[in-house]
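Next, two complexes with subunit A in common: one pairs it with subunit B, the other with subunit C.
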Partner chain A sequence: MTEMCDIAVIGAGPAGANAALVASRHGLTVTLLDEQPKPGGQVWRAKSAAILDAPSTPESVAGGQLRQHLQNSAVTHLGDSRVWQIEQSADGWVLHLLRHGQVPSLRARALVIATGAREFVQPVPGWTTPGVLGLAGATALFKQELALPGKRTVVSGTGPLVFFVAAEIRRLGGEVAAVITPNSRGDWLRALPAMARRPDLLMRGARWVADLMLAGVPVHWRHAVSEVEGNNNVKTVRFRKLGADWSPKAEARSVEADSLCLGNGLIPAVETAQLAGLALEHRPALGGWVPKRGADGETAVPGLFLCGDGAGIRGAASAEIDGQLAGLGAAQHLGAETAAERARLRPSYTRAARFGMAMTALSIPRKGLAKLTRDDTIVCRCESLTYGAIAAEIAGGAASTNAVKSGLRAGMGACGGKFCQSTVARMIAQAEGGNEADVPPPTARPPLRPVPVAALAGDFDYSDLPIPKPAPL
Partner chain B sequence: MTQIYDIAIVGGGIMGCAAALRLSAGGMAPVVLDQGDLGQGASGVNAGTLSLQIKRVELMPYALKGHHEWERMGDAVGFHKTGGYTLAFTAREAELLHERQTLKAEAGAPITFVSPQEVHKAEPNLAQKVVAASYCPEDGYANSSLTGQYYRGQLRDQGIAYRERCPVTAIEQGDGFTLTTPNGPIRARRLLLAAGAWLNPVAALMGVDLPVQARINTVSVTERMPPLISTVIGHATGLLTMKQKPNGTVLVGGGWQGRGTPQEGRGQVSAASVMPNLALAQYALPALAKARVLRSWTGFEANVPDFYPLAGALPGVKDAFVLGCVRGGYTIGPYIGGLMGDFILGREPELPLFDPARNFNEETA
Partner chain C sequence: MRLTPDQSGLIRRAEKVTFTFDGASVAGHAGESLAVALLRAGHLHLRDAPEDGAPRGAFCCMGLCQECVVRIGGQVVESCRSVVASGLAVTSLKEQQ
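What follows is the complex of A and B.
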């Protein structure tokens, strides 16, 4: 079955959903795809049916409004849809989906990619212990299920997310044993001018920190979790003071807890853009490798647009406007007149992007943090590869992420390298004395998400097998 | 003073590296250059099948020698001799199977015909729709992902120079050859082009037009599964190869075509190829239905119009040689690379090479 639309949007977070809405207002048929059942993305994730009565948060309100707008619009929202392959055709794009166990395809004249971000965790001894989860992963628990990571939780990581997660745990009745962040108070003070461009967001962050202070939750500035102890579950979290480049210093201290939320900033999810044919460039201030793009989401490939955190980490507030710009860009590409509308949006985009990039700057780990990973620390979870094994492969001459992947299978497991590749690339860059910009991610391969063989096979009829001319004898 | 190598080898796949090892053993100082990493072209992305049942009749002596080379490399390349079955599901396929495998057996491959009952006994998870099958105990597979790691280690152990991510953009011939690369010029007395699907543009740097084309073969791999099959499985039409690795993943190939050209990069997977390829795999092995495909990819398999190798002197260029376009190149590569080394060293190769100056539109060999 192949459906046809003017514009397909991949990702129904703030960026993608807004792109879909504005393009649809220009009379274009838009299909909005997302792997979750409801729009909202990670940041405005919808509540599960069981917790609909839970009190609202700014995220649930924003997400609720977005879902309402979409419902009132002509946008076709296709939830539970995973794009597994993207192909360019003569008249646009063919998206191959996995939906309800089948593999339908969708044709579109233009394509907007808004695939968002994933979390980076610097591996430390014990980080794979049950009870450890990502900061971003924890927010998904709160938003969708109102669930807590444990009874007594250490919250650790960079940027604003660590304070948001700690504040949410307390709001939902949990205990925060400690907040541990590599950032210093001075880092935050220096970010103030950029943050002042969005006083609303600044105030909200200040309230999280004030709440923690009033509750007497210890906040360890310029510290990082260095080890997690516990066999079947987190028991003790060890943490150390950091130097200016975030190298661990001094003896470890410890705190008892049954759970740990750990994250070190976000990384743009670029595999979809790579498969669609976009080249990447290394932009550390935007979270690492990002697809190249021009103004209003335009890219080097005609009819392909890009927006949101997947184009560089600038945060949700910026993504909303970025999505509108890309949606209008795509509409313009298909003949609508949107120049004036885009010009009106650009100043507010710039303001929001400055705020978001200031938060990104706080979240990006500094070089020394990598020293927390020890020789026997697991780096590739899927294939159980340690730092030492990967370092030995690099010392043996494997000088690219593709070479390490081929030789060791780092990145060949179920996650497709989403957990380990940033660490592997940094290890190569360090070993070669070079720059991370010289170590691109491995070649992207479909499917973007695992696809069952039965779905690909469909209702295959053996007699339809196209028998080719036999190979030369 | 820049070093002058005895020979510059353009292309660090199996053939280029195997030739370098033989040349070094024979006393020459080679340098191996690759535009990417060693062994990441066809050498590193093919399905790793080592099956005599899918080799050309005329190339069977080379394939038999090639099998011994892989067996010798052993664990370092993930070699497993498992035996292999080629299946026919229809009367027409059975006829095709009989005709082709008989000729291959006559050429020296220890291939026999087996009954569907025997297949079922050996591989009980295969669909009970087999009407005819052939078996070869020499068949097996290696892990092509390990090609780069293996040859990098070999070159380092032998002290052979190599440069990765070092594309050659121009070649000048005067007193020897000067190759232009982003890392500076490289000088050598001789030249061996072993650039696989990229042979045409590389030979064009010397003004030679090699009629090299490329097939864009697709391979897919599933997540880890409980033990399902223990041998290499093929299909009478050639549309399926299948094997289960020791880690439980199932690798599926069969020459289904992707899109793209070598000049444009790595090539793209076509959903219209992956879907019937996996459907056929599931038809042959129904338990595969539950497996999830984790990754599909393509590789460029180079060929010339007569589908025989290019292996010999580069036409019209003194001291230059070319090696590539070997059908079954993964199996035969380590062996024919050695033969090529012998030829360049002025020795008589154990088996004849394939003159690149021949008329490609006539049957050769």
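What follows is the complex of A and C.
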């Protein structure tokens, strides 16, 4: 089954959903694809059917409004849809989806990619222990299920997210054993001028920290988790003081807990854009490798637009406007007149992006944090490959992420390299003389998400098999 | 004084139903994420890593890392993207169940 629309949007977070909404207002048929059942993305993830009633939060309100706007619009939202392959055709794009065990395809004249971000976790000994969750991952539990990661949780990571997660655990009745953050109080003071543009968010953050202080929750500034102990579950979390470049120093201290939320900033999810044919460029201030793009989401490929955190980590407020710009850019490409509307939006995008990038700057790990990963620490979770094994492959001549992938399978496992490639790239850069800009991520290959063989094969009978004519004797 | 109020008492959840995990009965709320129901019941260890057999459980919580996969009806599925229903029979990908 192949449906046809004017514009397909991949990702229903603040960027993609807004791109879909504005394009639809210009009379174009828009299909909004997302792997979650409901729109909202990770930042405004919807509650599950198991939550009948719950107090609202700024995130649930913003997400609720977005879902309402979509419902009132002509946008076709296809939830539970994973795009696993993209092809360019003569008249636009063909997207191959995995949806409810089927593999339908969708044709579109223009494509907007808004795939958002995933998180970076610096591997430390024991980070594969059950009970260790991603820091951003934990927010999915809060938003979707109002559930806790455990009974007593250590919350560790960079930027504002670490305090949001700690506050959510307290709001949902859990215990925060400690907050451990590589950022110093000085880092935050230096970010104040940029944050003053959003006094609402500044106040909210200040409240989170003040609440932790009042509750007597230890906040360890300029520290990082260095090891997780416990076999089948988390028992002890060890942490160390960091130097100015975040190199771990001094003796480790420890705290008892049954769970750990651990994250070190976000990385743009670029595989979909790569597969669609976009080249990447290294932009450390935006979270690493980002697809090249021009104004209003335009790219080097006609009819292909890009917006939101997948184009560089600038945060949700900026993604909303960025999405509108890209949606209007796509509408313009298909003949609508949107120049004036885009010109009106650009100043507010610039303001929001400036705030978002200040938060990104706080969240990006500094070089020394990589020293937390030891020789016997697992780096590639899928294939259980240690730092030492990957370092040996690099020393043996594997000078690119593609080479490490084909030599060792680091990045070829079930997750498709989503949780090891940044570490592997940094290891290669270090071995080759230190420039991360010389080590791009591996080539993106379909499927972008795991596709069950049964879905591709479908139901067929022996009699359906084409039998070629026997060769003449 | 608390600046972040404890709102856990204000959350109303769907009725509890039971399902099984490796044959053991587990209670969860109908419609919630399977990974969350298992986590709440203390089932954190969902599979063994294929290469070294080490215990693994839910990690990214958004369908990327494949650490939380379990088997339902012969299919390997991400428990963080699966939903609790009464009578569901879930098995782990542990080497010894």
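The rule we apply is simple: the second predicted complex is superposed on the first by the 456 of 473 C-alpha atoms of A that agree within 3 Å, B and C clash if a C-alpha of one lies under 4 Å from a C-alpha of the other, contacts with A are read in each partner's own complex, and residues count from 1 in each chain.
As a working rule, a residue touches a chain if its C-beta (ideal position, glycine included) is under 8 Å from a C-beta of that chain, and two chains touch if they have at least 3 such contacts.
Nothing here was measured: the structure is a model prediction, and the numbers come from that model.
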Partner chain in contact with A:E35 - subunit B first, subunit C second, else both or neither: second
Which superposed partner A:P450 touches (first subunit B, second subunit C, both, neither): both
Partner chain(s) touched by A:T128 [first = subunit B, second = subunit C, both, neither]: second
Which of subunit B and subunit C A:L280 touches, first, second, both or neither: neither
First (subunit B), second (subunit C), both or neither touched by A:A215: second
Touched partner set for A:A414, first subunit B, second subunit C, both or neither: both
Partner chain in contact with A:V301 - subunit B first, subunit C second, else both or neither: neither
Residues of subunit A touched, compared between subunit B and subunit C (which is higher): C
First (subunit B), second (subunit C), both or neither touched by A:A370: neither
Contacts on subunit A seen with subunit B and repeated with subunit C across the two complexes: 413-414, 450, 452, 454
Partner subunit C, residues of subunit A touching it in the complex: 35, 42, 48-55, 118-119, 128-134, 136-138, 140-141, 144-150, 167, 170-173, 207-208, 210-211, 214-215, 231-233, 381-385, 413-415, 418-419, 449-450, 452, 454
Touching residues on subunit A, where the partner in the complex is subunit B: 85, 87, 94, 96, 103, 105, 393, 396-400, 402-403, 405-407, 409, 412-414, 416, 443, 445-447, 450-454, 456-458, 460, 462, 464-468, 470-473
Residue ranges of subunit B in contact with subunit A within the complex: 36-40, 44, 54, 56-57, 89, 96, 100, 103, 145-149, 152-153, 156, 164-165, 221-223, 237-239, 255, 259, 266, 268-271, 274-276, 278-283, 288-297, 307, 327
Contacting residues of subunit C [partner subunit A, same complex]: 1-14, 29-33, 36, 39-40, 44-46, 49-52, 54-67, 69, 75-76, 80-81, 83-84
